[in-house]
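Each of the next two complexes has subunit A plus one other chain: subunit B in the first, subunit C in the second.
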Partner chain A sequence: MAVLEEAPPVPASRPPRTRRRRGAATRVHPVVVTFVLLPLLIEGFWVFWPALQGFYLSVTDWDGISAAQFVGLDNFREMFGDQVFRDAAVNTALWLLLFGGLSALLGLGAALLLQQERRGVGFYRAALFLPVVFSLVATALVWQAMYQPDGLINNVLEGVGLDGLTRSWLADRDTALYAVLVPALWRQVGYVMVLYLAGLKGIDPMLHEAAKVDGATPWQRFRHVTLPQLRSVNAVVLSVIVIDSLRSFDVVWALTQGGPYHSSELLSTYMYSTAFESLRLGYGSALSVVIFVLAFGVIASYLVRAFREAD
Partner chain B sequence: MATSLPSRRRFLTGAGAAGLSAMLSGCVTSVRSGGGTAGGAVTLQSNLSSPQAKSALQTVVDAFNSRGGSRVSLNTIASETFRTQLPTYLTSANPPDLYTWYPGSVADAYAKRDLLLDLDDLWKGPDLSRYSAALKRLCSTRSGTKVFVPTTYYWWAFFYRKSQFEKWGVSPPETWDEFLDLCDKLKGKKVEPIGMGAGGNTAWISSSWFDYLNIRINGPQYHRDLLAGRHRFDDPEVRRVFDRWDEARPFLDSKSTALPFQDATTELLQGRTGMMLIGTFFADAVPKGGLDDIDFFRFPAIDPEVPMAEEAPTDGYFASARSRRTRQTKELLGYLATAEAQELYLKGSSGTALPTHPDAKDSGTALVKKGRALIEGADEVTQFFNRDSSDELAPTADTALIRYLAEPEKIGSILTTWQRDAEKIWGK
Partner chain C sequence: MRTTTPPAPTTQATQATQATNSRALHRRRAATVGFHAGAGLLSVLWLIPIALVLVTAVRSFDDIAANGLGALPHSFTLDGFSQAWTDGGQQRALVNSLLVTVPTVLLSLLLASMAAFALSRYDLPGRRTLLLVMLGGNLLPPQILLIPVSKMAELFALHDTLWALIGVQVGFGIGFFVFVLHGFMRAIPAEVQQAAVIDGAGPAQIYWRIVLPLSRPALAALGALSFTWIFNDLLWAITVLRTETRMPITASLLGLQGQYVSQWNVIAAGSVIAAAPTVLVFLRFQRHFVAGLNLGAVK
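Showing the complex of A and B:
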């Protein structure tokens, strides 16, 4: 913005009229500049600067107390041989697939079911959206109680004679990750549903009318009318899902802390425990750089493609 | 309007330059130095967040404030947050003055980085100079400087309900074989013999088993050396610990790694489990009057040649070297070291801790008297896994031990991984 205003002083020989006109065209009101610059400065100081320092820390060895030591790319080299990192990366990919895929599918399904204005539909929409309002940590506590060995889930299983299926859901390495996934999904579905509901509202009813007149089946109408019309919403949903799955942390940390023995470890929880429990802040920063590159890469490549198609 | 342009530009340039230079110099990692004198109340950062302990400490703080000298304000932090934030507190430019924490190798690690206030002069005072030699050693750094003021300690043992043991017709064991017999008998009575409580957020409870087995089999000195990195976790000595654990493992509650210790305590009180290796802090979760039925026995002897050490973690305070209120902080520490302050604290808490002051009276119940005798009669005293090593090493133990309890047949590779993880911590 500042560059815009630094137009070189106009030679006095020029007719004053042109100068005034040009000035009016390029000149931005200082209040507007302030409104743009102030948030930028705050964002820069509190977000970009620490983020840049995170990049710097990722090439150091730092325990948070002594001075940091520059170690080059050692942290990234260490990741290749780190079994926990590999497991966490696999878990994160699995999480992205299940959390992202299921929440998109279920969210779209719920939106399709609840898009028509029928009696009581508001109640169901509110019920599905309610988990979004709750704090995820509070949600996790409720689910933790249900997952307990004597909790609701095992009691119900015993009650219907499925004793063989009861287990310590959060303490069993085979179920821990999925047990954590369910509350996260429970919450995300409502959010995605609202996004899709908004998208569905934006579709011109005339299109459906026309398709109906042409004899299209409901499936054909969904496939060839609804879905193409939702393309812009899909881009938003995808970004939200990718970002949310890569930063999923609170629910995992509240329920299992990545345990038992790293079996529900995601990159985000591994980053936290490395940095703040083991106090290996250099390696933790390197992990967060990887998370950043992954999130940024996925989203940027999708957006670039989406915009290219739009043109 | 016109004048705002250059000033804003200058501001931006200045801010940019400042940001850039700070960034290039890696300001976030630089070590600041502070210290000096200032007025105001001493901030006491406490991790005692259980209701009883918190209100007990508040009583002590109120008593100190009512003496009319320096003032103190208590700031209680959830213990998990406190643990992860402690390095940040200590290295900040204007840190809280005083902290609840642990003596021994944990304090020594901070002292080595010049983060803790030197308390040598305070230890020459009327109260601290009479503390036991073991405590004096525990509160000194390797170079001999005193940096810690201990106030209470507690003990670990197998706790059980007297009435339940009578009902089952069993008595506390002395040796490992008697212990296994007892477990066998309880199993025959359809009781889960041993509760643990290493699930939820309290996986660290499993370290007590490792500590005690290692102390009983390889001795306390080997244990301390191992935790300091002078032995390896994949050594045959450590393997022997798990061979013994294998003998007791069939008697562990199937929910050992699913329930946090608070829930495991409930199971013990309800008679669903027979006993539990736990520290006396579990009493905070016991309803009033429930403690009368509780008794304990020491972890049984395994090798008669090995001296009988007990785990007796000591709690207390250290102060920041960068405190701006060193005089007031020392005044408060002096008060906390008195018998009066410790008795006041114990009266308000669950009363199962023991005071460090030689003259201070404990709560006087049979349980506490027996506990004091156990520790005073012990050949040696250890702290606990994290306190004898470091807070950073503790998570590696949690991972290894919980994995062992789930997949005991993989102990070989578990110990190899543990050693590798530990080397990353020791190598720092």
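Showing the complex of A and C:
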């Protein structure tokens, strides 16, 4: 297996402040306008226009064939009485907490362990990173084989005398959600690790030297030097995690389709089956609006940071 | 390396330093062993599922049925691969995936680099807002777009075509690409552009001859990264496509799971086929790939 190498230096994020006017003329060249408008129109057609429709559809009742009926906030009112929605919301919260929290912790741990350039470290990094390039569907099928009643996990449990713990992990209401979570984590940790590795690399080694001279223990150095220095990476990881959590769909769809009895249902899978299997397009749109609202805070803070960086 | 004891008569002081030296050496060696034990264990744990799927893919169906899925292999055959490839439709699905992924990556890079060029190199009114609006579109949860996009594709007679899939993937991904390329392009010194303007070059020439070649590292990083994203997509594919024979490899893999229930050798072989292209891209463009992941990280 090849070895993960360091990223090539990315040009400094802040260019030297030059005069703001770069073009010679004050009038903007038509070619330049076209260059912006064409991509903007394409994004408008495939993203902004559908998004507006999505918001509108959330206040309608629609089967996709006859005309959509305006029903006000009925769809949102219906959610309060919908047990599946409540299960899906609780599972999504759990997913955010566990998938997000564990991938951040494990990713940071792996990055701390593998931060130093030393013999063999490239192999270890590559091993942890490799699942990141698999599709979630392939990841799901790999783990489905592990979870089978005669699969590796049950075999290992029997091998160490824990026969009582064996079960069909994906078909059990108590374990389905967690059984789906593990493959998702397996694939995410390497990604978070790479983000943290870049962050750790950016810490000035002098800070650690100075702390060492002052007699700081390794834990104190981690707590008072490394962690504060990683603040900006933490913010990035947080946005990535929240956005990815709310988007999580493939792995659940491939493994359980939200079952058994909605025990591994997430808002994203419930939205999909409501819209495209039950053909309740209005209620499905309302569910997607809920997902949007949950993601909104993170999206907004991401954009605020981007705004600050953009000039 | 072993330290040799100096032959000179030793005073108490040097004896003391030697003792601490060898203690420090021991500690370092123990730390190294500990590191490799820990990191090695972690890597093995991470690689077990991959090893298992590779082994399962080359076992025969009878072997798995007789000895169980988690047992050591008693057979070697490539039947699983040939079954997944031809009967399971993986060959066609792989072609579909590439027919979608390659044009999507190229189109996205082209369109996004045009917008990023204009926004980063010219004083357009409201350029910062435009940039953030475009990025904002990419951050939307795709769920809010699924129903309208599938209906729109029907309206424009694009439903169930690879064109619809390419369109929506380009449209949805473009905001992120513009944002990353904008960050890269504005770091190109203004003097380069001024010299070209004096030589009489127009914006199109500056874009194509100067800025685009200088942005090659960012384009390569984004290209490698987005190849895997688009290739691995499932949600958009099952939203805009209906016909089995048009599905890309991710959706086809799900179909394989239904078609070959408990024929784990076929399913495992299918997973290997589905994962191979992105693994190859990753191994070939590793440096760009890792750089790409960090490019997108807004500080």
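Note that in this section the second predicted complex is superposed on the first by the 266 of 311 C-alpha atoms of A that agree within 3 Å, B and C clash if a C-alpha of one lies under 4 Å from a C-alpha of the other, contacts with A are read in each partner's own complex, and residues count from 1 in each chain.
Here is the rule we go by: a residue touches a chain if its C-beta (ideal position, glycine included) is under 8 Å from a C-beta of that chain, and two chains touch if they have at least 3 such contacts.
These figures come from a predicted structure and were not determined experimentally.
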First (subunit B), second (subunit C), both or neither touched by A:45: both
Which of subunit B and subunit C A:250 touches, first, second, both or neither: second
Touching partner for A:178 - first (subunit B), second (subunit C), both, neither: neither
Touched partner set for A:276, first subunit B, second subunit C, both or neither: both
If touched residues of subunit A are counted for subunit B and for subunit C, the larger one: C
Which superposed partner A:268 touches (first subunit B, second subunit C, both, neither): second
Touched partner set for A:67, first subunit B, second subunit C, both or neither: first
Partner chain(s) touched by A:57 [first = subunit B, second = subunit C, both, neither]: both
Doubly contacted subunit A residues - partners subunit C and subunit B: 2, 5, 45, 49-50, 53, 57, 64, 144, 148, 276
Contact set on subunit A toward subunit C in their complex: 2, 4-8, 10-13, 15-16, 18-24, 28-29, 31-33, 35-36, 38-40, 42-43, 45-51, 53-55, 57, 64, 110, 113-114, 118, 120-121, 123-124, 127-131, 133-138, 141-146, 148, 150-156, 186, 190-191, 194-195, 198, 232-233, 235-236, 239-240, 243, 246-247, 249-250, 253-254, 267-268, 271-272, 275-276, 281, 284-285, 287-289, 291-292, 295, 299, 302-303, 305-307, 309-311
Subunit B residues within the subunit A interface of the complex: 1, 4-5, 8-9, 12, 15, 19, 23, 26-31, 84, 87-88, 90-91, 110, 113, 115, 199-201, 203, 255, 257-259, 263, 391-392, 395-396, 398-400, 402-403, 406, 417, 424-425, 428
Subunit C to subunit A touching residues, read off their complex: 35-36, 38-40, 42-43, 46-50, 52-53, 56, 68-71, 111-112, 114-115, 117-119, 121-124, 128, 130-132, 134-152, 167-168, 170-172, 174-175, 178-179, 182-184, 186-187, 189-190, 193-194, 197, 202-204, 207, 217, 228, 231-235, 239, 249-251, 253-254, 257, 264, 267-268, 270-271, 274-275, 278-279, 281-283, 286-287, 289-291, 293-295, 297-299
Residues of subunit A that touch subunit B when the two form their complex: 2, 5, 30, 37, 41, 44-45, 49-50, 52-53, 56-57, 60-68, 83, 144, 148-149, 168, 170-173, 257, 259-262, 273, 276-280
